[in-house]
Every structure is written in C-alpha cells, then in structure tokens.
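What follows is a set of structures to go through.
Note that chain A is present in both complexes that follow, paired respectively with chain B and with chain C.
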Partner chain A sequence: MISEAAVQTVANVFMLSAIYILVALGFALLMNVLGILNFAHAAIYMAGGYICYELIVGAGMNPWVSLLISAVAIGALGLLIERVLFRPFLKDMNSIVVITLALIIILEATVNVTVGSYIRRIPSFVPGVFRVGTVSLSGDRLATFVIGSCLLAAAILFIRKTKTGTQMLAVSQDFDAAALQGINTRRIFALTTAIGCALAAVAGSLMGAVLSLSPLMGDYMLVKAIEIVILAGIGSIGGVLIGGLILGLLDASLPLFIGGSATDLIGLSIVIILLLFRPQGLFGHEA
Partner chain B sequence: MKGKGLFLMLCGLCLIFLAFGRSAVVAEENVLKIGGLYCLTGFGSGAEAYVAQGSKLGEEWINENGGVTIKGKKVPVKLIIEDMKGTADGAVAAATKLAYDHKVKFVIGTVVPFMVQASGTVLEPAKVLRILLYNCAMPNEYGPKTPYAFLCQDATVEGMRASLQYLKERYPQVKTVTYIIPDDGSVPYLQKLFTARASEMGLKVAGVAKWAMTTEDYTPIITQVLATKPDSIAFANGWPQATGSMLRITREMGFKGPVFGGNYDDAYQIREIAGKENSTDFFIHNLDLDSPDMTPMIKEVTKRAKAKYGKTNGMYMMGFFPWYELKQVLEAANSTDPTVVKNTWEKMKTIDTLYGPGKMGGLKTYGINHTVCHPCPIVSLTNGEVKWVKWVDVYSP
Partner chain C sequence: MTGERRIKTKRGGRKKLFISLGIVVLLCLVPLSTTSPYYLHTLIITFIYVMAAASLRTILLSGQISIAHAAFMGVGAYASAILAKELGWTPWLTMPLGGLFSLVFGAVIGYPLTRVRAIYFSMVSLFVGLAIVALLGVLQGITGGDIGMIDIPPLSAIAVPGLPHIDFDGSKIPYYYFFLILSFLILLVLYRIEHSRIGTSWKAIAQAHMVASAVGINESGMRILAFSVGCFFAGLAGAGYAHYNMVLTRSSFGFLSSINLLIYVLVGGSGSFAGPIIGTAVLVIVPEIVRSLQTFAPFVFGGIMLFVVFFMRQGIAGLFEQLQSKLTRSKKREMPGRAP
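== the complex of A and B ==
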C-alpha cells in the first residue's frame, strides 16, 4: 500500500514540478532579463486561459490551435503593455511594480464582472488517463510535462545560443552598457515582454484544462512563480528547473506526511532556510 | 421689499426641508435595517455573489406584504450589504460598518469560518443578532461563546449526517470511509464529530486527510487518501473548484467507490470541472429546481429568481433562507430588539424553512440550541448526469 503511494508520489513530483516550471517561466524571463517583478503575470496567465476557453468552447476551434492563438494574442497584449505601461517608467522599477499590481486588479476585476466567477474548465487537450503499473497520469498532465520541458529547454537554448538571447543577457547585466554597444534595448524589452506574456498564456491555457479556470486562478500560482525565481536566483533561467523540482518535491510529498496548511509552512520555511545560506539563490550571482 | 421676499423664500425653504426631512427621518425610523455580509469580490465571491442576490429576493418578498408585523404595525426591511472582500480584515471592516455606521441590529451571513469568526469579534460584543448561513463546528465560530449567532440551515455536521444516512441506504456494501477536510481550523472539531457520526452508522473511518486552502493540485492529497484503501471518500467542505478537482483526480487514479460531499455545492459546476466521464457514483447536497419534489417556497424563490435575474441557481436559496426564518422569529418575538428576538428564537421548538419543517437543535452537538435542522436535499452525479435523489431528514441534538 505504501509503495503504491510512493511510486505515485514520484510521478506526482515530476508532474507538479512541470506545472510550476511552466507557470514560472514567463515570470522568470521578465524578472531575469528585464528585472521586472511582474505581478500582472497572474492576471495575464488567467486571461490567456479564458481566451483559449472561449475559442474552444465558444467558437468550437481545435484546442491546440486555440492555445496557439491565445499565446499570440496575449503576446501582442504584452507588446502593448510594454509600450504603454512599462517603457515610460524603464528607469523607475518601483513604478513598474505598482503598475503591475494595478494591472492585476484591473484584469481580474474585469473578468470577474464581465465573464463572472463561475468556475470553468477547458476541455482536455489530451483526453484520457495513462496507466503504467499502479501509476495513473492524465493526458493533460503528461502534455503539460512534455510542453513545459520543451519550453524550458527552448528558453535556455534561446538565451544562451541565439544572438537575440545574448542581447537579452547583455541587457539584463547592464542596460546602459548594452545600449552603448548598439543593442536595440527597446526592441529587447518589447520582445522579452511579449515572449513572457505568451508563455503565461500557454501556462494559463494548459492549467485551465489540468486544474480549472476562474478569475483568481493566477493568485496562488504567482506565489509559486516568485518562490521558484527566488530559489533559482536572479539571472538564471536554467535554475528555474531546479527551483521547480524543489517546490514540486515539497508540495507533492509533504501532504503525505503532514497535510494541510503545515505543508505550505514547511515548504516556505525550507525555501527561506536555503536562502539564508545562499541569499542569491541556488544559481544566482552574488551582488 | 427685496429683503422681505428673500426672507419669505428662505422660510419657505426651511419649512419644506423640515417637512420632507422629518418624513425621511420618520421613514428611516420605520424601516428595519438588516445587514448582509457577503464576499462580492475576492475569495468565495464565486458563490456568494449569488447568495447576495438571493438575499435581495428575500428582502423584496418581505416588503411585498408591507414588511414584518411588529406590535400590529407593518415594518418594512432594508438590506444593507457590505463586501467582506474574502478576507478576515475585510469581514471585520464590513461588520464594523454595519454595526457602527449603519447601526444595524440584525445581520445575515456569512459562510466561510474565518470570516464568520472575524465578523463575530465585532458583532457579538455589539449584541447584533447574526443569522449564519453555515458553520464548521469551531467553538469561536458558533457555540456558547457566540450567544447572538443562530444557524439558519443545515451545515457541515448536519450535512454529513444526511450524507452518511444516504450512503448506508444506497451503498450498503460500504464499510469504511476516508474524510477529506479543508484545513481552515475546523479539522480537529469536525474529525471528532465525523468519526462519531460514522460510528453511529456502523462505518469505520479509514483515514482523515486535510488540504491547505492554497492548494491548486489535489493529486498529492488524493494519493494519500487512496493509500488508506477506503470503500468510500467523503469531502467535508469545499467549493466547486476543490470538489470537482478532487473528484476528477479520484476517478483518474482508478477509484471506483462512492464519493460524496457533506455540504451544499453546485453539482453542475462540479461536473464541469471533474468532466462528465469522471462524474459518477457521486452525491452532494443541492436542489433540482425542476423536480416536483421541491417545496412550494423553493418554487416561489425559483420563480422570483428567473423573473429578476433571468436564471436559477441553488445559491439563491442560501441567500433567501434566512429571510424566511427571520420574518417568523421577528413576528414571534413581536419586537425588533435583538435580545428579545434571541430569547424567543432559542425557546422555539420548530420553525418553517424553505426546505420544509425545521426543528431547533444543537445543544448537545454545539453547546447552544441555535441550530435550525431541516430536510436535506441530495443530488447525484450518475454517468455524467445530475439527478435529483431525495430529501433526507436530519437532526442535530
């Protein structure tokens, strides 16, 4: 009996880690490249989910096509947000934080009032359950694992191996110096925001199928994203993998032993203890 | 001349003001203000927005006949809603506004335990009579420490009692049950009461699992639950997102036994979240508004909701419920003094409810005789369809 639960828990760790990594990726990108603590990530993630839902259920479109359209639409929204809300305050990060807080309130309230707070779920992208021995995994969770892994790998490769990615690294290290080197920093800012928002939309759409869809669905996930980025360390996209695994391990295994709110308490305590020993995060650079 | 004209005009204006102003004051004094504590935004707003709408239907229903009859006179009621914003701070702020700004003496609401407790810290010392819509058996939430709180309908303990009764009837082969309870502070109290209820039914408790209110993925909790190898699984409390998610994961992980809720919840939302393919052998408390088994008052409220809001929702009943009883107790007390009403209500043996005849109880279970127990409606999810099952009589001594 215990071994069945243990085996299932190992699977749960990887599935939950993939969920957290997928949710945190867009947030990590903006944080690591632009230094923006984008609290609006929660609302953008939610908005992506709702657009996907309306395309699938309202317009009867194919789920995968809907997911792509949602990502593109929210990416475009990201361009608008960057141009109108972030760019005027590039030198003042405190103002940007306040703007992102306002954005989350506006977006969530708008959806709450217009669409309503009735809990929905996006129809499955991969229907069915896959069983391997005693382990059961839903198709949507497996899809999330695969897509989350691919997107993380793609993000790491993009940042490290492409010209644009290198430029993003340069901007993250020193904005003014990057500009002096001839890098179009405004273009980098816009692209990073668009990609971050698109990733949030993908996460929101998949989570709308794996979990559920509601105007406040992003709030607790934002906390997880922040924990992962802090654990990983500022400046490290690859560290998101380890941060996600640590959090997934804690959240998937602790309920077996303690359960309830103590799970959150112990999980956060472990994160804080790790940071006490390594304040820059596991893979971040010391100031 | 000019000055005289101005003087006369000013006098006239003063007289008009005194006439209408006095009327407004007199009108205000003739109205019984009833506070409403609901989450219109934030946590819980998904359901409570509908509850608040149901409450407005209750206000209108009373005022259609001129109001409540006190000492031979009709006294209209006025609902004043304050938004708790889904937080304890919000609940305190809203309760404070109701008690001290609006000076209400009666408050309807609320549901979620931490908000009930938070609002109670303001309303109990102010001797405002509260009509709670739910409770989770915590002493600071409801009991001897809250003498001005009444529970107007079946809550966790009564609901679970009804569910266990039906479980034995429908699934006689079931011998064990594992409970899943949200970790909102109620776990030690509910665990004790649920174990006692299960034992009364000849059932053994295989395990108790709890989940944090911040849980997004319930897979680890269900993994823990299934490790206890229960014949059945009971969700003590929750809301559609949690219940639907847990039902889905339970079925995806291969559990075939009955799964049930001990609380009121929207079976349609649960089905949407769980998926039709996973929505079977599940039951919970709710109404089938199209069933002929509904009481005349349920049909009346449904008709009013369709007329006003263009739709029906079981949560409207939750909002209307307390008004139906408030009218009875106010008229029985023949007073709008909350202490007089409290003393009258706790001496009553029976009271009519939307769901049929109710009995006052709770002294042995909660330490205070302030609980209205009434028939409990059960709906099931069977092969993806929501079906009306029956009413189950229940009483908490």
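== the complex of A and C ==
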C-alpha cells in the first residue's frame, strides 16, 4: 500500500513537473530572448486548454488533432501578439507590464463570455489505466509525462542544435551583437513567441485532461512559471528543467503532509531564501 | 537661474495646491447631494485605493516596480484588526500601529530585495506578496484563514467635548469624510517627500543607479527607505479598510489586487504625482458605471489599459502634462534664448 502511494506520488511529481516546465520554458524564452516579462503567458496556457476543450467537446474532433490545432492556433496568436502588442514596446517595461496584464484580463473575460466560468474537464486523451506490477497509473498522467518530455527534448534540441535555435541563444545573450552579426532579430522574436505560446497551449490542454480547466488556472501557473525561472536563474534553459522538477516535487508531495497554503509558503520561502544567497538563481550567470 | 526656477516651481506648486483643494472641496460637497450608500461606498473604496496607489508610486520612484503592494495593505489591515479585536485597543491607535507594522515588515523584506533590480525585482516582489498571503492562510488561528476575519470593530466614535459627537456606526458619511481627509493628508505627505532631497535621490537611483551611488547616494538604503515608506502608507490604507469593511478575507490582498494597484499607477501615469490618483479614479469608477455589462465589463477595463498604452505613453496624467507643456511652449516661443 505504502509503496503504491509512493509510486503514485512519484508519477505525480513527473507529470506536474512536465507541465510546469512546458509553461516555464516558454516564459523563460520570452524573457531571455525578447527581454520582456510576459505576465500573460499563463493566460495563454489557459486559452490553449480551452481551445482544445472546445474542439473536442464542442466540435467533436479527435483529441490528438484538437491538441495539435490548439497548439498551432495559440502559436499563431503568439505571432499576432508579438507583432501588434510586444514589438512596439520592447524597451518600455511599464508599457509591457500594462499590455500583458490587459491581455490576462481580456483572455479571461473572453473565456468567461464564450465558454463560461464553470470548471471544465477535457475528456481523456488516453482513457483507461496502465498497470505496472501492482501499481496502476492513469493513461492521461502517463501521456502527459511522455508528451511533455518529448516536447521538451525537441525544444531543447531545437535551441541547441539548429541554426535558428543558436540564433535565439545569441539574441538572448547580446541583442546588439547578434543584430550586428546579421541575425534577423524580428524573425527570432516572432519565432520565439510562437514556440513559447504553442508549448504553453499543449501544457494547458494536458492540464485540462489530467486535472481541470478554469479561467483562473493561469494565475496559479504564472506564479509557478516565475518561481521556476527564478530558481533556474536568468538565461539558463537547463536550469528551467531542474527548477521545474524541484517545484513539481514540492507541489506534488508536500500537500500529503501539510496544508495547501503551507506548501505555497514553503515553495515561496525557498525561492526567497535562495535569492538571499544566490541572487542569480541556481544556474544563472548574474542577476 | 536656479533662483528663477525655484520661484517657478513654487508658483506651479501653488497652482496645483489650489486645484487639489478645489477637488477636495467638491468632494466634500458630495454627501450633501447624495446619501446613496452605493455611491459613497464606491468613493470610499476609491480613496482607499488612491492612498495605496500613491504609496506604490513612491516605491516606483526609486525604480522598483513592486507587485506586492496589496499584500502590505493586508499586513497593515490584519495587524490593526487583530490588535483592535483581540486586545480591544481603539482603532484610532491600532491604525497607525498597523501602518508601522507594515513599515517594519517592508523594511525587513526590502533589505534582501535590494539585491535584485528591474524585472527580477518585480518577480521577487510578486513572490513576497504571495508568501504574505500564504502566511495569512497559515496563521488561520488568528486571521481566520480562508473563512475570513469577522467582527472587526468599526472606528470608535469621536467624543471630544466642544465638538459635535461623530458616530461611525450606521452611516457611511463619517467614513467618507474620514477617508477623504486621510487620503488628502497622505497625498500631501507623499508629495512633500517626493519633492525633498530624498525624493530626488530616489529618482536619481531609478535613472542611473551606478551614477547615483557614485555621487554618494546610499543606493540600498534609499531603496529600502522608499519601499518601507510605501509600505507604511499602504498599511495605513489597509488598516482603514479593515475598520471600514469590518470583514477581512486574505484573497482581497492577493496577487490580483497587487496587480490592480500597479495597473492604476501605470495607466494613470507613473511619471506624475497625479497619475495614481487619476488612474485609480478612472479604473475604479468606470467599471462601476459599466457594471450592467456584467461579463463584458472586463473588456472595458482591458480596453482602457491598451488604449492608454498605445495612445498615451505617459499615462492619463501624462496627457494633461503634454497639453500643458504645449501651451507653455507656445507662450515661451516669444521669449528667445531660453531652454525649454
């Protein structure tokens, strides 16, 4: 019995971490490459989940096709947002803060008006449970973990190995030097936003199947994304993975022993204490 | 040259004083024309948020965009409410104590926060805000946790011999005048601080922190000072709210409230003192007007924000200043040889 609970918890840790990292990776990319703090990133994650929900439940489409469409649609939305809302204000932090907050309000209101504010649940992508020995795992949790890890591996390979990815890294390290090298920074900005948003959309859809969808789910995830990025340190992609695992471990295991708000408090305190001793995060270069 | 400029700013200051006194007199007349509790309530809430937003701008002056400000309102509110409820002290004493508690808390938190700047500061302050709200949940023995804290004593009656007896029970009108006067006084103090040597140092730090420390400004000290002064007035506003509302729930000081305060300041225009006042007035009162739109009302709110960003880069208050400078510039053109 005890071992089963332990295995379930471990499975939860990995599942939750995968979702956290998917969202936090996009958030970190936007922050490193564009240099903006996109508060709306988690609202975009929420919107992705709802698009997937509407396609499956409303239009009766195949779940996997819906997941893909949702990611593509949100990626396109990201392109639009980057072009219209972000690009004119890249150097102006105050404006970016107002714009991204306005985006949160508008996206949440759009969901409230179109779908409603009740909590929804996306039907299972992989119905049924898998049995490994005496332990059973729900298909969705397994699928979330598998999809999440594959996407992460793909994203990291893309960033590290392809020319475009290297260009993204170059822009994130030094915008001016990268632009002088002839890198098309506008294209990189657009691509980064699209990728980040699409990853968030997938995470939102998966979360909708594993747990539930609500218009306010983004607020919670925004905090987690920021926590992970701070833990990781600015400019570190690998750190996002570690940070996501740490936070997933805390959030999936601590509530078993102590209350929900105490868990939040511990997670937040760890981040604050870490900052006291290592302002640059675990893997960052400098703050 | 400097003497000339000083006279000029003084004259400008007097004009501003007259305008603000005019607004205060007009607001004083409101309860005579309407006694509708709904209107009074909306205005009281506006006053409370004006205090909070103006004190948030004080922190912003030093280049620190804090996303924890509502949480510090909560610190002041809960401190004052607990002292008044558990120890039975009069709210007239516990409110300043609530502010002081928030100040101390702000100084303790502001110290580690000086290690981070710009977006990193904003992100860490966001955690601090969340951690405070989580802490309020953990301490549910005294704060009531998610159920909330009830039976907070209202402001006790003013019974000074020779003055009319003012009772805060029942009517909203005494509260209205109380918050009107309190917010006016707080704004005066904040204005004086901003135009003192301290305020100038804050602005210098915000513009170029290296240069500021090179000319001998104690950067971290000044940043902590800005943060704790802002927290003091936020705590005071929160404490006032506690004794007005008489019920506290921790969610009213959460992430969204902090974000809203920041929106008030930025939409109003963080560059000018009137910014947070105008921003709060517009963004608290307009949603009340369009309340009949129900679920569509947030679009108005978001629409205003986007409109301001795209068409009024300096916020709503910046628009007035631009108009003013255009007017004065056309006057100045007649006098040659002077830099604008």
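What we mean here is this: the second predicted complex is superposed on the first by the 273 of 287 C-alpha atoms of A that agree within 3 Å, B and C clash if a C-alpha of one lies under 4 Å from a C-alpha of the other, contacts with A are read in each partner's own complex, and residues count from 1 in each chain.
Methods note: contacts are C-beta pairs under 8 Å (C-beta built on N, C-alpha and C of every residue); 3 or more make two chains touch, one makes a residue touch a chain.
The structure presented is a predicted model; accordingly, all values stated were derived computationally and were not measured.
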| item | value |
| --- | --- |
| Room on chain A for both chain B and chain C (clash or fit) | clash |
| Touching partner for A:121 - first (chain B), second (chain C), both, neither | first |
| First, second, both or neither for A:65, with chain B first and chain C second | neither |
| Partner chain in contact with A:31 - chain B first, chain C second, else both or neither | second |
| Contacts of A:9 with chain B and chain C, given as first, second, both or neither | first |
| Touching partner for A:180 - first (chain B), second (chain C), both, neither | neither |
| Chain B versus chain C as contact partner of A:19, first or second or both or neither | first |
| Which of chain B and chain C A:261 touches, first, second, both or neither | both |
| Which of chain B and chain C A:112 touches, first, second, both or neither | both |
| Partner chain(s) touched by A:146 [first = chain B, second = chain C, both, neither] | neither |
| Set intersection of chain A contacts, chain C complex versus chain B complex | 109, 112, 223, 259-262, 264 |
| Residues of chain A touching chain C in the complex | 31, 37, 39, 85, 89, 92-95, 97-99, 101-103, 105-106, 108-109, 112-113, 219, 223, 226-227, 229-230, 234, 259-262, 264-265, 268-269, 271-272, 275-276, 279, 287 |
| Complex interface listing, chain B residues touching chain A | 41-43, 45-46, 49, 183, 187, 209-214, 216-217, 219-221, 223-224, 226-227, 229, 239-241, 244-245, 252-254, 269, 272-273, 275 |
| Residues of chain C touching chain A in the complex | 65, 112, 115-120, 122-124, 126-128, 130-131, 134-135, 137-138, 145, 255-256, 259, 262-263, 266-267, 270, 295-299, 301-303, 305-306, 308-309, 313 |
| Residues of chain A defined as touching chain B within the complex | 1-2, 4-5, 8-9, 12, 15-16, 19, 109, 112, 117-121, 124, 129, 131, 136, 138, 210-212, 214, 216, 220-221, 223-224, 251-256, 259-264 |
